[in-house]
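Given below, in the form of structure tokens, are the structures.
Shared between the two complexes below is chain A, which has chain B as its partner in the first and chain C in the second.
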Partner chain A sequence: MKKIRAFIISFSAFSVLWFLYFPILIIIWFSFNKESVSSFPIEHYSLDWYVKLFHNKSMMQAVRISFFIAISSTIAALIIGIPSAYALHKYNYFGKNLLLKVILLPITLPGIVTGVAMLSFFPMLGIPLSLTAVLIGHTTFLIAIMITQILARFKKLDPYLEMAAFDLGASPLQAFFKVILPNIKTAIIGAVLLSLVLSMDEIPVTFFLISRENTLPIEIYGMMRRGITPEVNAVATLVFLVSSTAIFMSLKFNKEN
Partner chain B sequence: MKKANKYILLAPLLLWLFLFLVLPYCFILTQSVLTTDDFGKVIYHFNLDSYIKIFTNPLYYETLTRTFIYAIIVALACILLSLPLAYFIAFKVQKHKSFYYTLIVLPFWMSYIVRAYAWKIILGEQGIFNSSLMNLGIIDKPLRFVLYSDFSVILCLIYIFLPFVCIPIYTSFEQISKSLVEASKDLGANSWKTFWKVIFPLILPGVISGGTLALVLTLGDFLAASLLGGPNTLFISNIVQNLFGTSNDKPLGSAVGVVLLVLVFLLLEFSSRYEKKHETQ
Partner chain C sequence: MSKLELKAINKSFGSSHIVNNLDLQIMDGEFLTILGPSGCGKTTTLRMIAGFEMPDSGQVLLSNQDITHLPPYKRNVNTVFQNYALFPHLNVEENIAFGLHQLKMSKSEINKRVDEMLELVQMEAFKTRKPFEMSGGQQQRVAIARAIAPDPEILLLDEPLGALDLKLRKQMQFELKQLHKDLNKTFVYVTHDQEEALTMSDRIAVMNQGIIEQLSDSQTLYNHPKTKFVAGFIGEANLIPVKTENKSSFTFEDKTFDFNHEISSATAILFIRPENVSFDSVTNISLIATIEDVIFVGNHRKYKLVTASGQKIIKTEDSSVALTKIIGQSVAIYLSPNLIQIYNS
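The block that comes next holds the complex of A and B.
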């Protein structure tokens, strides 16, 4: 009886794991299919779809745009996020809890509402629908990721570390760059990797702010709407490989300390 | 000097959030009580027509209730699938626990579009699902209802949001002390009774917060329905998408967005109050 129960539990657990990973394995598998129909079983294997992918101009352009947006919005989020996380950790402010909630709004509220809100308001600030608008949209939700990740590390940091630096004669800037920063370095690297992955994958906000130049997920979305093309299998496999490596590293960096 | 630092460090953040987040949110609140002229241009004329339309026109309120019911189905399915997996990793896995944990965290961050696309090739007419069933001789014609239907959208949403539910449930399982479970067994309760009377009440906060996340994420999702849904599949967020796109009625779109925001806000508030109540106990 006990054995049967243990079997049922592990069987259902592994079935759920299978459910989580089987669709991804299918994509990877079909990306090597020679035929353009994704029917089963596969008769001939080839790398044709990868070759086609690298010759697809609009797809390659979308990859470049996505990298550009991801890197620049991550840098912007770093510039705003690090000092803010430091200040929020060190000082007490009137309405600090409310501020922390507002910071998280772009990741707690539905992306579509944030998207249409920005779509409606940005033109009033003189920002037309464009990559600039996308960049601002991405930075806004990456700030939330940056601040929560770095703040979590600050909370684990020894509070006497900075005081010790001051006692030994360090200026505030010296204390920050020589003592604080090295201690939160791995958290920052982890947050940067997550931000890059999230920005490369973002659709709901981007969808409403984009004009003519597509980011990679929007390009894939467009291809999917037009029908199944095995090129998507190839690009999906690559996206999967790159992003899971980045996430894996990010998880490792966050565990350190 | 010190006092100046305190505010200077935070100034860029405050300015950014005010300009690019708070003002846009305030603006759709405003836009939802405005109206349009004959050409679809928003004009500054106050009225509540959009809200009246949402609660009197069945297209809007029925879609809202249907989406909500679907969201509950997605949340419940995610909880049911998470329970055995989270329980297994928390209590049964002895070696390589962090590896198993990574297995449930990894899909959490994985590309949405790639994971939605997978179901398109699995469920399609010549997809792996239909061709395997046909090869096995269970069916002789591909089942058409499995792709481009409400079913495929719900399945895809369950698949995508499962890690969001599984992680908090796993965390609550992990926090249960093993001695509590042993005590319950020593006192004569069988495993079934131990699970429902001892373990389940302790993981309920995790279940509630994971379930709420799945609810909220489903309410705000327009991609799954537009990629895997049939011609009649319509979720509340698709209505927002259409009103800001082809239908071009921004005030009405904003009003639906505001209703969605209020709903999401209430759900999150309910869930965080529940968690706080349990923390203090």
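The block that comes next holds the complex of A and C.
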């Protein structure tokens, strides 16, 4: 009886996983197909679509823009996130719990709500629809990622370490750089990798804030509207590889203590 | 000369008054222990010396300099924390060198000092180990070395042996005492363990509810506790309610004992150590009790006695004395006036 139950559970789990990941496997497989029609059986394998992809100027431009947005919004989120997490961990002040919940809003609210809100609010501040707007949009939800990830590590950190640093003559700033930062380093690296990935494949917020220059996901979306070419398969494969590697590493760093 | 002076220190957290108008003078080179139950304010007092807490009022003087409001990193005192608090990302050598780097010492001076410290705590072989690669006892030695390395004016120890097992704790007590002797440095030690305090300290400040109940050396503390709290907290004690009709005697179980005291209320508490209760030959004035139980405790044996009114009295005697009494037997006991104290109840 127990065996049957175990079998049913693992069978359903694997079915779900199969259903989720099989399409990705198919895409990876098709990306090596020489023919331009995605259908079985595949007769000739080649890297043609990858070569073509690297010669696609607008695609390469989109990759560059995506990297630029991902890296700069991650840096901005890092600069705001680390001190915020530190303050949230260390001090008690009025409205702290409310603040903690507000910070999480950008990742709990649907992207479309944030997107529309920013679309109508940014022009009021004189920020036109542009990469700057996208950068700010991404930063807002990456801050939430940074703060939650780093705050979780702060909570695990022995409070006596900072006291010991003070005790041995380190000023608060020295204690932060010499003792606290090295001990939350892995959490920061993990959060950075996760942020890069999330920014790289963000669509809803970007969609509302973008002007003429496209990020990679928007560019791919545009390509698809003109019909699925095997080039899309190739780019999807690359994105999948980079993202899954980053996520895997991020998880590994976050587990470390 | 006093190394450290606490003057009229008050500290509250919210509505609870943790330290209450505390005065304390610590002598240069002294091993002083602040002993008390948890919540008595001893750790808060230590933290105010270290600079982790600021007193609400009062003064902290270190070598006659007012340091009351200096942050911890500007005070020439170092702390050994209960949980060691070694920096996990640094190895033993780097941990010990941390305070030395803050003093802007040269590299060669730092190396020399680190080696000295490692030798002092006999941890030379562990120089490149990380904290998580060592046992609790080894980590504690490194924590001590790290705190001593910058040559602080006072070494503060916050229940440093609390997390060690009994055998190691005893050994470390001995080593800390030796270390204190070798370094000739002022140690302020905080603990709730009376045996630890009695073994190591030059003087002990017994703290309770934010005040120091008694400040004296181990022997005085044990033999002449000033308050009921100290009597009950240090060692084993018989605390017996008695009647005090005048200041030259007290009454217990309808027998009056001559004893000069200062108690003006009608009732008081009589204190006597179990080893000071002695058996007597029965006379019409002696106190009679029944032996309820005799327990063998290694080097001594313990009698549980109960008087006619139901008052329990513990008596201990050396196991080498021949056992002549049996359970249920009626005995006369003698409470020598030289060995008793009377406190307000």
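As a convention for this text, the second predicted complex is superposed on the first by the 251 of 257 C-alpha atoms of A that agree within 3 Å, B and C clash if a C-alpha of one lies under 4 Å from a C-alpha of the other, contacts with A are read in each partner's own complex, and residues count from 1 in each chain.
In the analysis below, a contact is a pair of C-beta atoms (placed from the backbone, for glycine too) under 8 Å apart; a residue touches a chain by one contact, two chains touch by 3 or more.
Model, not experiment: these values are computed from the prediction.
Superposition of the two structures on chain A leaves chain B and chain C fitting side by side, clash-free. By the touch criterion defined above, A:I26 lies against chain B but remains apart from chain C after alignment on the C-alpha atoms of chain A. Chain B and chain C, viewed from the C-alpha centre of chain A in the overlaid structures, lie at an angle of 100 degrees when rounded to the nearest 10. By the touch criterion defined above, A:V179 reaches chain C but does not reach chain B.
In the superposition on chain A, A:I189 contacts neither chain B nor chain C. Once the two complexes are overlaid on the shared chain, A:Y160 sits against chain C while remaining clear of chain B. Which of chain B and chain C touches more residues of chain A: that partner is B. When the shared chain is aligned, chain B comes close enough to touch A:P110, but chain C does not.
Residue contacts after overlaying the shared chain place A:P83 against chain B, while chain C stays out of touching range.
Contact with chain B, but none with chain C, is seen for A:L119 once the two complexes are overlaid on the shared chain. Look at A:N233: by the touch rule set out above, it reaches chain B but stays clear of chain C.
Contacts of A:S171 after superposition: chain C is touched, whereas chain B is not reached.
Superposing the two structures on chain A brings chain B to within 10 Å of chain C, judged by their nearest Cα atoms. In the superposition on chain A, the residues of chain A contacted by chain B and by chain C do not overlap at all.
Listed in rising order, the residues of chain A touching chain C in the complex are 158, 160-161, 163-171, 174-175, 178-179, 182-183.
Residue ranges of chain B in contact with chain A, taken from their complex: 5-6, 9-10, 12-14, 16-17, 19-25, 27-28, 31, 81-82, 84-85, 87-89, 92, 102-107, 109-122, 124, 126-128, 131-132, 135, 159, 162-163, 191, 216-217, 219-223, 226-227, 237, 240-241, 244, 250, 253-254, 257, 260-261, 264-265, 268. The touching residues of chain A, counted against chain B in their complex, run 5-6, 9-10, 12-13, 16-17, 19-21, 23-24, 26-27, 30, 37-40, 79-81, 83-84, 86-88, 91, 93, 99, 102-103, 105-106, 108-114, 116-122, 124-125, 136-137, 139-140, 143, 147, 172, 194, 197-198, 200-201, 203-204, 207-208, 217, 220-221, 224-225, 228, 232-233, 236, 239-240, 243-244, 247-248, 251. Put simply, chain C touches chain A in their complex at residues 50-52, 71-73, 77-79, 81, 83, 85-89, 98-99, 102-103, 146-147, 150.
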